[in-house]
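Going by the order they are written in, the chains are A, B, C and D; count residues from 1 in each one.
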Amino acid sequence: MTGQYLAFFIFALMAITGGVFMINLSRVIHMVLSIGLSFFGVAGLFIMLQAEFLAFVQVLIYAGAITIMMAMGTMMTQGGDEGEKPKRRLHNVLSFLSAVLVGAFLLYGIYTTSWPTEPTDLGANNIKEIGVTLFSNFVIPFELASILLLVALVGAIVLAKRDGEKD
Amino acid sequence: MLANAWLIPLFPLISFVLLVAFGRQLKEGAAYVGILSLLASFVVAVGVFFERFAEGAHDYITSFDWLNIGDFVFTMGFEVNQLNAMMLIVVTLVSLMVHLYSKGYMHGDERFPVFYSYLSLFTFSMLMLVISPNLLQAYIFWELVGASSFLLIGFYFFKPSARAAAKKAFLTTRVGDLGIFIGISLLFWQTGTFEYAAIFEAAHSGVLSPEFITLTSILIFIGAVGKSGQFPLHIWLPDAMEGPTPVSALIHAATMVAAGVYLVARLFPLFEASATAMLTVAIIGGVTAIFAASIGLVQNDIKRVLAYSTVSQLGYMMMALGSAGYVAGVFHLFTHAFFKALLFLAAGSVIHSVGTQDIKEMGGVGKHMPITKIVFLIGALAIAGVPGLAGFFSKEEILIATYDSGNVVLFWLALTAAVMTAFYMFRLYFLTFSGTPRHENHHVHESPIFMTLPMIILAVLAIFSGYVVYAGFGEWLAHGVISGEEGEGHHTWIMVLSIAAAFGGIGLAYLLYGRNNKVSTAEPKGLHKLLFNKYYVDEFYGTTVIKPYTLFGYVLKFFDKYVIGGLVQFTAWIAVAIGRLGQRLQNGQVQAYSLVTILGLVILLLSMTAGRLW
Amino acid sequence: MMEHILSLITFSPLLGVLLLLFVPRDKAGSIKLIGVLVTLIPLVLAFTMFAGFDSAQEGFQFVEDASWINIPLAEGVTVQFNYTLGVDGLSMPLVVLATIVALMSAIAAVNMIQKRWKEYFILFFLMQVGLFGVFTAQNLFLFFIFFEISLVTMFFLIGVWGLDKREDAAFTFLLYNGLGSAIMLISFIALLVNAGLVEGPAGIIYTTDMQTLTYNLTNPASPLFQAGQYSDVFLYGVFFALLVAFGIKLPLFPFHSWILKVHYQAPPPMSMILSGVLLKIGAYGLMRMEVGFFPSIAMEFSTMLLVLGIVNLLYGGILAFVQEDLKMVVVYSSISHMGIILMGIGAMNRLGFQGAIFQMVSHGFLSAIFFFIVGVVYTRVHTVKFEELGGMAKVMPFTSGILLTAGMASLGLPGMSGFISEFLSFLGVFENHPILAAVASIGIVLTSAYLLRAILSVTYGPTKEILVGMPDARLTEVIPMVVLLGFIILIGVYPAILSDPLQTTLQSFLIRIGG
Amino acid sequence: MVPLGGYLAVGAILFSIGVYGLLTKKNGIIVLLSIELMLNAVNVNLVAFSRFGIAANITGQIFSVFTITVAAAEAAIGLAILVAIFRNKATINASEIDIMKR
């Protein structure tokens, strides 16, 4: 039991500290890396929830692809003027307040609700089950998602392409 | 013949339509259209008159429904009675003379057909007014007469003075018409009709309260005051002399201005029912008579002198009617039409050849224009009331009527006015026709036959029209209109006084102007100045009515622009201000928008759970 | 054909739109010809309708009723908007007026519109649909749609073809009238919910059918009326909301400022329509809905209506006296003359109503002819300021003559339509409010004063240099003047032509107000 | 067994951090990352419910798969847009990107 709790705390701490560092670090590349830490933490939480497949995907896409992509993006967009920006104190205060309030609401809700405590066993090998469900019940959303990805691919290329380049 | 009286106004209407449609092609031939139509009307009018004048003839009245609104029926029609049979003759005859005269007078004017079409329109309206059997129809044509008078005064539209005069005439009479309008509307709701006969019946049967009769009579009299140039609405009439002289003769001497008198005479039974109304009429008439005559004493414009004389004579008629001298008033209207038209036409003849209206620049015109001189003299004698001419008969009757009414002040007013009349007419005569020319005028010549013929005809009438009294004209007129016997006590001394007044005035004029024939060129002083400036009535109206009104208009304009418009602007400004405020929120930054969204979410959550949290 | 004549009148202008689609935009001649000829069709049809109108028959005539929109709310409850057209003695003359003024406006546009004829005439045709529809619609929903059509098309017609500040004017027009229609729509919805209920075999139906509403609101036999379930808030609220909505259109005294700007900038043919027909929608609405739906409240506030009318009359009259150009005088005279309509309605008797309707028609012709002449002058010298004009009678005698005659008609000279309307309205007011009527009759003198001042300073006096050598009216300009003046004189001389068809309708109004 | 509340709490905290980052961070890339963080928080919830829910089953994980897919696409497009903006405006500062204002 304690081992499970320990693991949970470690992963949760990873996820949250990653997020907090992202907020507080000053250099963009550090921020990107710290969010990678957060993604790893979430992946760990997935494992604890018997969602191994998702944990794998999480590491692959978020911690791998997106973080790297963002790091690349950061490099591509460096060199912009980093002069003094006008301080938006009211904006920041309000943002902080609303973020805290939203969080407080959610936590209050979580705290006061009585949740089912018994976990359902999803089976040791639920990857197969995911595959079966995905290709039986959710085949149309799946295909749509593939189209979405295709569109995103084309769109990203078109958007990022330089103006006036013809090919 | 009586049933065909509707033909009388029809001919001028046809002429009007023809002239409007084909005037441009007809050119000066338009005169013949006008003259022929008027001749036809005159012939019918004469026929109608004699048929009505014959023994045992009755009034003829017929009408048709013009407008039905539910139970209300407004009719149109025509009526022949003593009064309007006489008026038909006067109007058609004077109008015919003026049509003839204008052929010569207006010769060469490029808007010759237009002039004739206006004349026809006027004659039509006037005749319709005269034969109206009800107040509504009378009011309608009363207004039309005013409009055609307006057109004719402003005939020389390119002259700013004519423009001003036309405007003034229309507006001043319009103020009076307001009185009629209110009066007849009130009468309509009390009696349910506009028919003369029904109204008289209501007035005498006691359906209408005496106060009501007084009120409506005075309101209607206000209209007559406006049209007949009575004090205090007389100001337009002298200015109306800006119109061509034949117009002045026709409209502003003989016919239209007499319409006010006619209306009072026509409604005499109504007026008679209220002593207050009668007194008002008499006083206004008397005041006008002396007031206008005194101004006429010193004016230097030949037409203006005649205009003031007209105002004064109309005041005479009103005074007579107000003093219950129905026959006297109407009779004077009859004779006055002829000699005043004659005087105007003669004056026009002079102006036509001399080229000015200022008597200071005339003198000795008589040598070159013998016919004009003679007819003018006849007219002047007639209006002065010299025995044997038309004016004498009617004026004497008026003096008797005022005396009989018991109002001594009015009587002496009338007598003084008579002296003044004789004086200013002969002042005019001496300064214009006798003596030597005060100004170089090479082309003074006698007018053509078209102009002299009507003058001669009118001169004959000015002499002899008074003698109709011996044919029982007075009794015939009064029959059925005046209930009581008219006190026909012959006051010889009044006759003597009136003759004395006439000769006194003439003699005084001779002493002052006949012998040395000079006009003082000095600035008028004192009383003379007051009279010369017409008692400053125009200026009085200018400062008490027109200026404040215009000022008020500008104040209101300011109000409209800045208060009402300002309110609108203010409303718009509020909308813009709200927009500005929103615009600042709309800063284009996604994060600000998201913040608002999330704030909104927070507020939503708060409000939804508020009760459960605490 | 007669049973569908109202639909034909209302939608025949669409034929013009169809034709114009096939004409290239640069063929100005053909476009104008189509513009005029197609506008002739509703006129001819309207006269056919006029001839076929049975003045003795009660209620509405040439009624067309077709099911249109049905929204089921719940089991057995339906909101129903039918396509219902019909005319009675009140709307029939206004339809005829609208067709005449529309044709004259089309002829006026031939000379006075200088660009983009194709778009102009297409919009113009669409606007006609709105104009004719407003007076024939017997369903408030339909009425509202036609009303909005006329409003939106007019917005573009002013905004594109007006003078220098046309956009500003167009937006002013849209805002004011949009505000008015918003209030109107709310009132209509209130009417629908509160008084539009009919119980039939098909269940409960909510409708905005005018006759149903009239029946429910005024007829003691109707179940809703007997139940006495109309709250005062509803009755008075809708009454005053409609008064404001139509008051803006009329325009009533404090809401009049849009008309100043709009008329000044609008192209003359549109001013003709605007003043000749669109303002009458306000008067028509007051008569049809204020008096028609709420007779007892209208009776209660008749003195207020009367006073509002007198304020309009005098206010417009005084302000017209101090204006510096002919167009503004005409605009303020419109405001002033609308006061007479309101007075006639406020009189609450037969003569007053009669006078008000006469005034609607009469002012329709008069303002059309005035704005037309203003346009004629403006196209020649590009100004209508008094100080720059004068002596027009010398160079343009025909136009000046018409202007002077129209002015005489407008100030109430007998023999022309202005007199009848003014006379009857005032006479009606004299019955119950002689003092107020006497005060109002000062307006007659004021009217004469400002009209004479305006017209004489343009036509009389020495001819100003700017006018020298200007040609008098051409044939296309003569026709509208003569036709409009012809109608003005026709009504003036033979008013029975207009009053006879009205009597039965007026009777029904009078019964409702208990008179 | 770690109770469901724990996972949900982690999700809520992550979500709040994401909200704060979304609202305050200047760099556009970090804003995008904040969104990813928020999506992650959602994913945690979905997966947690798929194990602990009232009618818990595998569908929760399926949903997460889709979420991740969409998130990936969104990240790609978002980055492409940022690159395009950077090319035109030489900045990816969220507070300076207000081209749509006019």
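A few comments on the model shown:
Assume contacts are C-beta pairs under 8 Å (C-beta built on N, C-alpha and C of every residue); 3 or more make two chains touch, one makes a residue touch a chain.
None of the values given here were measured: they were computed from a predicted structure.
The chains that touch both chain B and chain D are A.
More contacting C-beta pairs link the chains of A-D than the other of the two pairs B-C and A-D. Centroids built from CA atoms put chain C at 38 Å from chain B.
Chain A and chain D, compared by their mean Cα positions, are separated by 6 Å. Centre-to-centre spacing of chain A and chain B amounts to 101 Å, using the average Cα coordinate of each chain.
If you average the Cα atoms of chain C and of chain D, the two centres end up 62 Å apart. Among all residues of chain B, those that touch two or more other chains are 591, 595, 598. Annotation for chain A: residues 91, 95, 98-99, 102 touch two or more other chains. Contact annotation for chain pairs lists A-B, A-D, B-C, B-D, with touch applied as defined. Partner chain C is touched in their complex by these residues of chain B: 66-70, 72, 139-141, 143-144, 147, 154, 157-160, 162-163, 166-167, 170-171, 174-175, 177-178, 181-182, 185-186, 188-189, 549-550, 552-554, 556-557, 560, 564-565, 567-568.
Across the complex, chain B is touched by residues 91, 94-95, 98-99, 101-102, 105, 108 of chain A. Per the touch definition, chain C reaches chain B in the complex via residues 254, 256-257, 315, 318-319, 321-323, 350-351, 354, 391, 393-394, 408, 412-415, 419-420, 424, 426-427, 430-431, 434, 437-438, 441-442, 444-445, 448-449, 452-453, 456-457, 459-463, 495-496, 499-500, 503, 506-507. Residue ranges of chain D in contact with chain A, taken from their complex: 1-10, 12-21, 23-30, 32-34, 36-37, 40, 43-44, 47-48, 50-54, 56-59, 61-62, 64-66, 68-77, 79-84, 86-87, 90-93, 95-96. The residues of chain D lying in touch with chain B in their complex are 19, 22-24, 31, 94-95, 97-102.
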